[in-house]
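One chain, chain A, links the two complexes that follow: it is found with chain B in the first and with chain C in the second.
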Partner chain A sequence: MRPLTDEETKTMFEKLSKYIGENIKLLIDRPDGTYCFRLHNDRVYYMSEKILKLATNISRDKLVSVGTCFGKVTKTQKFRLHITALDFLAPYAKFKVWVKPGSEQSFLYGNHIMKSGLGRITENTSQYQGVVVYSMSDVPLGFGVAAKTTQECRRVDPMSIVVFHQADIGEYIRSEDTLT
Partner chain B sequence: MASCSIEDVLAKAERDEAEKLRSIAVNKELDLEFDPGHLLAFDKNRVDTREFKDNKGEDFLRSLARDNTQLLINEIWKLPTEKVDEVIVAKLPDSTTPLPREKPAPKPKPPTKWEQFAKLKGIQKKKKTNMVWDEVHKEWKRRWGYKRANDDTKEWLIEVPVTADPNEDQFAKRNKAKKERVARNEYNRLKNVARAQKIKVPGIGLAPTSQQSKSELAQAVNVAKISTASVGKFQEKLPKEKTSKNTGKKRKFQPLIGDFGSEKQKQLDLLKVMDSKKPRLDVTKAVNKQMREEDRESAQKSKKSFGKKGRKGNMSGKGKGKGMAGGKGKGKGKGMAGGKGPKGKGRKPNMKQGKR
Partner chain C sequence: MGRKLDPSIRAKRGPGRKSRKQKGAETELSKFLVDDEVPKKLSSRGRKRAVKRTQVTKKPKQEEQPKKGFTDENSEWLKPAQRKRKIEQCEEDEDSDSQWEEEDDDDVVKDLDHKGMAKDDDDDDDEEMVDDYGAEEGDEQDSDGEELLPIEKAARKQKKQTSMKPESDDDDDDDSDEEEGKKDSKEDDDEEEEDTVQANIDETEQFKLPAAADRAKEGLLLMDLQTIHQRIKDNVDVLSHFSEKREEGKERSEYLSLLRSDLCTYYSYNLFLISKLMDLFSLSELIDFLEANEIHRPVTIRTNTLKTRRRDLAQALINRGVNLDPLGKWSKTGLVIYDSSVPIGATPEYLAGQYMLQGASSFLPVMALSPQEGESVLDMSAAPGGKTTYMAQLMRNTGMIVANDANAERLKSVVGNIHRLGVTNAVICNYDGRQFPKVMGGFDRVLLDAPCSGTGVISKDPAVKTNKDEADILRSAHLQKELLLSAIDSVNADSSTGGYLVYSTCSIMVEENEWVVDYALKKRNVKLVPAGLDFGKEGFTRFKERRFHPSLKLSRRFYPHSHNMDGFFVAKLKKLSNTIPTVAKETENEEESTKMETAASPEQIQKPQSKEQKPASTTAKSNMGKKQKLKQNKSETPIITKKAGVKAENKKSDGPKKAKIAKLDGKTSKKVEKPVKKQKVKELNGDSTKEVKEKKKGSQFEKKNKMKKKNLKKRIGKNKFKKLKNILGEAESDL
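The block that comes next holds the complex of A and B.
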């Protein structure tokens, strides 16, 4: 386990800011305790310092996971966000997409969201903007990338993709063993 | 007097004789074992400790050494002699005592790259015959080496392949390929030797043979820079040259539980820098906004000229989004138009705050 280097922190913040913008400050600077990011086995974990101090008592090869896993740093030093970060992305999300109940299941199986399944979308979403996907009852389902701007979404035909799937909570079952 | 002198003389002669014999004859209980090859004599006789302790043992030791050496010299005289430069030299036979090793036994050599691979794959060594039948020359030739069979560098006629450059020298090409194979074989052999003896081989780029890549050159430069007596402390830099911060292979990270406050501060600073680097003016948004404004103006103009038709036409053309904006702008525009009259374009941009 080690702290992130400057480059790794930068790539991670860039990725996170795509979804939550400048609300990253709220993750770093929290009123209810000091939380920090640590890297272990190429994965980035977010934990309080209490948990960190407890985790130092476990040897590296026996330590599986600490706190919440935000994502992993790939071999080419890129940061990949995992579904386990959803709990921290959802409350601070800037651009949201609501999905109709009919195509909720399709999204949870890993498919992209089509215009026919789109319930609502925040105004002024730009193209390729990171969005958090909610169900109509405001339950966060996952996150993705907007394929079209809000304006275009209104005009386009019902069978075209409006949100690219990146992660959904169905992954907790599908890729159970790779999530840590 | 004479008689006693004669007796004396005889006795003296006898004594001298005994002396002489004593000098070369030594009485020992057990015979010594000799190894003339090593000039070695083993004396297995018991040592009388009382004699040893009498006069501190010096005389006893000296006489013992003298006796044994005498016996050894006697043994040497028994060997065949020859005369070398007016000196009588005895020819020593081969030694019979086995001596232990002088130096430690050689360690088994580490396997070469091929041997490791063969062991991994389970490849057995196949016995090959030394001579191969060469069909062309109709005789038996070596498989490898001097005047071997199927030597492609020795052909007198080579067909130029269709895909090859007609001006290329095929004979030279084959010779060059052979030289490269030989060089590569030699290089690999040396690498095996270096691995066996754990000699450090210079890293990539430090013993250049061919074109270097940028990273190899950079590494060579860095190594050369610190190869001074002061480890590169007083070496000048080029104006725009950056010192590579990671010297060597070991990376240094921050401590795991460092100062949380400073860590937080660093991250917040990083965020601030990232924010400042992001362009204030989002180009696409600005362009879209400008386009919307132009559409609204043209809509207003057409509305003025066509009245109801123009308005309806506008709404359907731009869809809901633009229509909403148009509607909002239109409402205000109507008021403004009423207020400002023929000026039309007098709408101020601060009216359109947009939907943030």
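The block that comes next holds the complex of A and C.
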């Protein structure tokens, strides 16, 4: 377990900012203590200082997970967000998409969101903007990337994709082994 | 498997009425072809009847007359005696269908009109009166002399009939009817009728042990499960009223061994486990337990209060077509799922982490532990994370949780569940639990849900029925003892809020529960405290030849048949001091001596048991020897044992501990090498001298200093911050 290098921090924050914008600083400056990011087994974990101290007791090969896993650094030095980060993306998300109850299931199976399943979308969403996906009862289901702007979404035919799927909470079952 | 068997339904044996009615043409034909053919095997009664048939001359023409004789209901049975004979014969010659049906009516009517018979009898001749009397007598026999309403009698008789084999039934009734008419053999008849009734009672109520040879044969033949089930029931009945219902000359052990083998066959357990369970439960409870293991426990879920409230969750699930209810008064987060139109483990609510699928019994250890906000808690065997997440939820994501499991594969589910439920204060690691105080110590609370044989969750995993034996149980008991000691060592007794440990297993074996806790009570400075669970059964303080610490009744046992949750054991311990009473010379001596005394078994595991077995009489002896030893004490410089130090340092140790020491005194006072202990004993007995007390005080101080030094050296590394703080605080207060 080690702190992130500057480069890693930069790529990760760039990625995060696609979803939560400048709210990133809310993740760092928290009223309930200092929180930090740590790299362990190519995974980035987000945890409080207290837990960090505790975790230093544990040898590297025996440590499985600390705090919340945000994602992993790929071999090409990119950063990929995991579904486990959803708890911290959802409250701060700037752009949101709500799916209709009928297509909830489809999204949770890893499919993109069609226009027909689109319930609501935040105004002024630009193309390729990171969005967090909610059910109509405001339960966060995952996140993705807007395929169309809000304006375009109004016009397109029902079967065209409006949000590209990136991660959904169905992965807790589908890929439990590769979560961290 | 016998799981679908309903013991209340008894299938009737033999061909039913319809089968009789629907005889094929070939049987009719055979009657014509071989007219005087006799059935292969006649019963004794049958033979008698045959003889009579040959004796009596037939008068077929008069058949119909008697029925006209009486117009009231009683016509069925009130018949002039001479003619009756012929009717019966006639009926016999005919197809027997009519006879069958008539008989049933016959009996009912007979019983119904039983009371009003006297009136009718007046009209008839003497014979009839006597005959009736005979019948009455027979009925009285049935009712065991008590006055019954006619309808009751009828019901009783009918019941008896159904319980009898149809064939014999037929015969008996034929007999009685037939022979009613015979003047000469009247007395005999009555007797005979009584006999048949008696025989029937025997058949249903008297349970006979099969001979050994028969039982050996059963092993080869495949027995009918239903017969075995019936035999189990009868056997249990006999065993529960043994003095009344036993067969002469049969030992209880014979019945028990039959029952054991029957239970093994019927419920498909291995002999070892059944024997263990028979030790654990009373017979009726045992059957309940075994039956409960055949059905699954209800699915329960726990609301994740970090993300939602139970009411909201219940509403959301009901909208998805789930039928649910709150779990019980004792849980504010549990819900029982009765049925569901969607898979309950894959709803969007589940995936969003609003609830966790968790057995009701898994709530209990965490509730007993009741972790507080801001504490540091260790879950020693965490997988699959149900209890860990419950702890996090009780702590509202504050403080820290270390979730450990020895199995890396199973840890993946812990990771998944912890993230899904939004737990952020957890560290997950993959150590063997036994390494634990070395990795990290000083926890406020520790939960040890120890790996076990799983005898409490047979309904979940039926493989347990057959694949466990003595060695498995003892092996897991040994592991549990090691784990429990390291768990205790990981607790920080000085913690202001905590210092607690909960030990739980999903086993119901005494070896894995009370015995393990009892062992820990001896080895460490811990005491049992109430678990904070207001239901469940008390733990055993004595089991067969073993005697456990009396405080073990504070532990709780849960059974599938009485609580409708998996079999479970929960014990909550409070750590009294951080020092470990290490295995010094003293304990070694103790061990030796116990070995000597009880000619002990070589296995180390069985030691606690043998220790406990010491008879109370030794205390008396020890009192005798004490004075001598006291003198020796004075002359010798007292050897300071760690236990003494502990005792001195920790003034909190009260009731249970003293009791423990008092319990120990039997053996301690025997040994000359243990002066300090003897002093303690003396103190407890109230006849200690001043000198001794002074010496003790001195030793206490010495010890205290030593302990402090030790603390400084050793424990700083493990738990730097708190210890340093403590020490600094102490130093200040000293100043």
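To be clear about the criterion, the second predicted complex is superposed on the first by the 180 of 180 C-alpha atoms of A that agree within 3 Å, B and C clash if a C-alpha of one lies under 4 Å from a C-alpha of the other, contacts with A are read in each partner's own complex, and residues count from 1 in each chain.
We take it that a residue touches a chain if its C-beta (ideal position, glycine included) is under 8 Å from a C-beta of that chain, and two chains touch if they have at least 3 such contacts.
This one's a predicted model, so the numbers in the text were calculated from it and none came from an experiment.
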| item | value |
| --- | --- |
| Superposition on chain A - do chain B and chain C clash or fit | fit |
| Chain B versus chain C as contact partner of A:R154, first or second or both or neither | first |
| First (chain B), second (chain C), both or neither touched by A:C36 | first |
| Centroid geometry (CA): angle chain B/chain A/chain C, rounded to a multiple of 10 degrees | 100 |
| First (chain B), second (chain C), both or neither touched by A:C69 | second |
| Which of chain B and chain C A:I169 touches, first, second, both or neither | second |
| Three-chain overlay, closest Cα atoms of chain B and chain C, distance in Å | 15 |
| Chain A-touching residues of chain B, taken from the complex the two chains share | 253-258, 260, 263-264, 267-268, 270-271, 274-275, 282, 284-285, 319-322, 355-356 |
| Of chain C, residues touching chain A in the complex | 316, 345-346, 348-349, 351-354, 376, 400, 402, 408, 411-416, 418-420, 422, 424-431, 439-440 |
| Contact footprint of chain B on chain A as seen in their complex | 1-3, 5-6, 9-10, 13-14, 17, 22, 24-25, 28-29, 34, 36, 38, 49, 52-53, 56, 123-124, 126, 150-151, 154-155 |
| Residue ranges of chain A touching chain C (in the complex, touch as defined) | 47-48, 50-51, 54-55, 57-58, 62-69, 83-84, 87, 104-105, 108, 135, 137, 139-141, 169-170, 172-173, 176-177, 179-180 |
